[in-house]
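Next up, some structures in structure tokens.
Note that chain A is present in both complexes that follow, paired respectively with chain B and with chain C.
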Partner chain A sequence: MYVNEMVEEASVHNRPERKKRLGLLFWICVGWIALNLLAAALANVLPLQNPIFQNYASVNAGPSLHHLLGTDDLGRDIFSRIVFGSRVSIEVSLGAMVIGFGVGAPLGMLAAYRRGKFDSILSSVMYVFLAFPAIIATIAVLSFWTPRSLLKIIVVIGVASIPLVYRVIRSAAMTVATKDYVVAAKVQGATDRRILMKELLPNVAPIGISFLLVGIATVVTLEGALAFLGLSVNAPTPSWGNMINESLAILQTNPWLAIFPSLAMCLFLLCLNFIGDRLRAHFDVSEGKL
Partner chain B sequence: MSDSTQPLLKVRDLTVTFGSHRRKLSAVAGISFDIYEGETLGLVGESGCGKSTTGKALMRIVEPSSGTIELEGIELTTKKGKDLRNFRTRMQMIFQDPISSLNPRRRVKDIVAEPLDCWKTVEGAEREALVNDLLSKVGIDPVAYGDRYARQFSGGQCQRISIARSLAMRPKLLICDEMVSALDVSVQAQILNLLEDLKAEYGLTLLFIAHDLAVVKNVSDRVAVMYLGKICEIGPSDTLYESPEHPYTKFLLGAALEADPDSPIHGDVLSGEPPSPMNPPSGCRFRTRCPNATDKCANEEPQLVEIATGHQVACHYPLSTLARK
Partner chain C sequence: MLIVIVFIITVGAFYLIHLLPGDPAVVILGTGDSPANRAKLYRQLGLNKPILEQYFVWIKNVVRGNLGTSFISQTSVWSTIKTALPIDVEIIFLSQILAFAVAIPTAMRSARKPDGWLDRILSAGSFTLLSIPSFVMIVLLVLFVAIKLGIPHTGPSSYISLSADWIGNLESLALPSFTLAVGSYVVYYRVLRSDLIATLQEEFITMARSKGISQRRIMWRHAFRPSTVALLGTAGVNIGGLLAGGFIVQYLLSIPGLGYTLIASIGRSDYLVVQGVVLVVSVGVILINFAFDIVINIVDPRISRE
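Moving on to the complex of A and B:
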């Protein structure tokens, strides 16, 4: 039999892992997101102009050396307002995703692993919530829950995202939970907690991470939409959404106020989506196999 | 049974029912058998007859609806929680799909060490040594391949790793659920040889579930034949293959192909499909397809009776009695 074994050993090609590359564009996107995060974190110490200082001497000015991206109708520096505005978007999106994933992901994994009554009751509840359009629900709640604060916005959007996260994580975990290696772990006497952490989590995480990035992007737009409707942070605190909202009235005289915040938001979202997509493909073990 | 030795595994009236009261499906409908220490019991039958479900029910991956399972005289069906997890390590199972039975994102060494880590029986250098030993026993070089991920191996190699993992806790009983049916024929032979060697070395007892009759004949001391959730015949494999007593066994053997292209096709071919287990026939479950069926078969369910030493058959008209008439 040892001869046989050697034959098999020799004939079976142990494929060495081909080095997959993430590509230049991926790193450019990562760099842009990192720059955004850094700027938002350090906005107070960076040599930026005061975002709420009104300078009536230069109102609706175009881009210049003094005001890189121009000024708005109250003479405030657009560049500095975009940087400070990104804080709101980033804080809301990260905060909401912490709530959404913190509650939705463990519930989704547990439901997929346990199945049975626990799964069917929880899933029905989640699907009932999913039936409400998230934007309508958040608008309704935020209209009445005054005075609005950043924390309230985070909580409302975060809670609204729980069913979505739950659904995605549950279906991802479901395909893993039916695999033989989960049964095998059970057979070896592994505890449920160990199976969830060691077998399910590593196989659900790649999908979870890319959905997290898409989720952040979605919340940024949602916050933008809420701000556009005047349901986000109060003026004069800048956010990308309420800058676009303010630009509406003066669109003809000063298009810069509409263009730059939109561009900032757009680039941020594109980069996040691209990173999420690349990461998912990169960590997909089934892709390129056989 | 003739001998006085206690069976290693004693299964009595095991049933597994899926679904609720309105749409009930009895995948395993009351089967009883013993497995003695050191032997290999083959379990054969066509697809959907409940042989895999039987294996899973023994491990309590699928909950048995009724019946008892005794391993070394200890009742398993009532065990719960940690006690149940602990008892599972006395029995182990190898699955049909070698690729899917290993987590693609874990290293081979960690996969083999998983049962050890669950129970913290050995740690550190001792654990390392044990894992290396297990891997080299199944023909995987632990130095060259131990740190690779499971997804980098072929089906045959994955099955070897599965075997190594199942032996880590030194189980008494190994349930092999169609373990070679997903592999190439040449690899099948290697895995079966490996299993035979390890069986001797570790003093294993095997329940070998398969649909390939030639494979089962090769590895088994005794064979049980299942049809629609019931055992219709159990016997020593030589006797059973040479002089089957149950008409179904005869048909099953007749349907197996021989390696000699010139050999005449022997036996009649069984017609029809197995009836739905949702609505099994009354009396003998095989009567709808059996050429010898009578009214008695429809009204009275045949029980397993001993027809020769260690050879039991569940049929009102065993083939040897028919021939005598």
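Moving on to the complex of A and C:
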């Protein structure tokens, strides 16, 4: 009896039982992201120099003990500007993802569960918007919708991400919704609400989380791009994109000004992408579904 | 479907100017504000009519190729776009050739031995490149290639037009094309690699192997074509994205393509040019996606039958 069960279980997990580990690199990346988030949240409390104080006595200084990463052309501390600059990137990306997932995820799950007319109408609307070049739409709306503010940036990017989130979550929920345990729950007379929350949500969540991480990375890049176009926060408030943009004018005299914020941004993105990728592999989601 | 999307784009682009605070005419005219210009703009956009009628006035002009006249530079928006567009096309063309030329052989190499040492290196490399945004890449390239190595015509504001000097033109477009190529390469490599690995496990490949067909021939003649469906779909979306992503690269190097025009116009509050560029680029992206859908159907006719 016991053996039979074992055999059956082995055939369910048809791949050999090799517990996939997330690996050391994964946890280093998690740690780095956590450190970034913490520094951004506590930037006001940490013993950092004023990010917009202009110290003309030390302009374009290289890295030193006093200024860990040196100063920019106006004598502002680069390290402190990077930490404060991460706030904008993180605020925008988290805010936009709250909107994108807040609207896109429930709609996607509902559409996958309900099917029928609700699904087909909603999906065709979403696909029309998905065909829209989202970056251009974002740039266009932000350049006309003046005066600009952080909140408007978040709203525009968030709304633009809804169709994308919808598609990912819907296709993930679709495969879950046809599983036996969902049918079983239905037969048992579970309410729709219960099935959605207890059966669908936990099984869609892993895909959702790894997509969320990739989404955050995308929005961080997008915010940087907007900063280059002068559509993000105004100077002197630092953001990673702003800093890289400003560094271009004096690239010849002070290359550090370009290198450090670029490094901060790339490391942040690399870690997010890596965590997302590992989670996806861990939960065995094929990339084709995303 | 195509018509519906293009229609929605025109509505969106039309409605943009109504997002402007206050009287759009005042904001659009900006420094060129005078009673005569204002009357002209009112006539051109039909601003005193109800909004539905305004759309028809506007769309009628657009269909005739009249996107309005910029009151700030005093030139027609359409002629501005017409001179800028070929530069974008050239950059995208160069970058795509480069990206495919590297992505296809490397993906085949990786797929031949998944998880082999070469595959690991290539995958890790592509993953790192994935995390470098185009604007970071271009800044670093300018720093190292144009400033440190001092290669001519690669720095900012050194664009040379194709008709003036084609070698100089290629030099001045080398960095932007390379930057966009890297971004595309990463996407193409990853998609093609995973599809090739899946295809190579199919029975007809085993069959071909058992017949003693060479590895190279199996790759190119048997495995490649069925593995390109997702690649082509991605390429369609990606090229559309490049139009937008190329903006920053152009802007940083002052290459007078559409992206540069767009950003410069945003800076000058030249809203009619912004509207025109947004409209042309959006429709262009949709058409590119549509064209790729057709190509995919040719490569794999099963898709249209489903």
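To be clear about the criterion, the second predicted complex is superposed on the first by the 262 of 290 C-alpha atoms of A that agree within 3 Å, B and C clash if a C-alpha of one lies under 4 Å from a C-alpha of the other, contacts with A are read in each partner's own complex, and residues count from 1 in each chain.
Convention: a contact is a pair of C-beta atoms (placed from the backbone, for glycine too) under 8 Å apart; a residue touches a chain by one contact, two chains touch by 3 or more.
Model, not experiment: these values are computed from the prediction.
Q: Can A:F132 be said to touch chain B (first), chain C (second), both, or neither?
A: second
Q: Per the contact definition in the header, classify A:V183: touching chain B only (first), chain C only (second), both, or neither.
A: The first partner, chain B, only.
Q: So in the superposed three-chain picture, is A:L122 touching just chain B, just chain C, both, or none of them (first/second/both/neither)?
A: After superposition on chain A, A:L122 lies in contact with neither partner.
Q: Taking the superposition as given, does A:A43 touch the first partner, chain B, the second, chain C, both, or neither?
A: In the superposition, A:A43 touches no partner, neither chain B nor chain C.
Q: Residues of chain A touched by chain B versus by chain C: which partner has the larger set?
A: C
Q: Would you sort A:S143 into first (chain B), second (chain C), both or neither based on which partner it touches?
A: second
Q: Applying the touch criterion given at the start, work out whether A:V155 contacts chain B, chain C, both or neither, answering first, second, both or neither.
A: neither
Q: From the superposed pair, tell me which chain A residues show up as contacts to chain B and also as contacts to chain C.
A: The overlap between the chain B and chain C interfaces on chain A is empty, containing no residue.
Q: Which residues of chain C touch chain A once you look at their complex with the stated criterion?
A: Per the touch definition, chain C meets chain A at residues 1, 4-5, 8-9, 12-13, 16-17, 19-21, 127-128, 130-133, 135-136, 139-140, 142-143, 147, 156, 190, 194, 230, 240-241, 243-245, 247-248, 251-252, 262-263, 266-267, 271, 274-275, 278, 281-282, 285-286, 289.
Q: What residues of chain A sit close enough to touch chain B in their complex?
A: Residue list for chain A touching chain B: 1, 4-5, 8-9, 12-17, 179-181, 183-191, 194, 198-199, 202-203, 285, 289.
Q: Sort out for me which residues of chain B touch chain A in the complex.
A: 59, 61, 85-86, 88-89, 92-93, 95-97, 100-106, 114-115, 118-119, 139, 141, 145, 148-149, 151-154, 156-157, 162, 165, 168-169, 186-187, 189-190, 193-194, 197
Q: If we count contacts the way the header does, which residues on chain A are in touch with chain C in the complex?
A: By the definition above, chain A touches chain C via 128, 131-133, 135-137, 139-141, 143-147, 217, 221, 224-225, 228-231, 241, 244-245, 247-248, 251-252, 255, 258-259, 262, 265-266, 269-270, 273-274, 277, 287-288.
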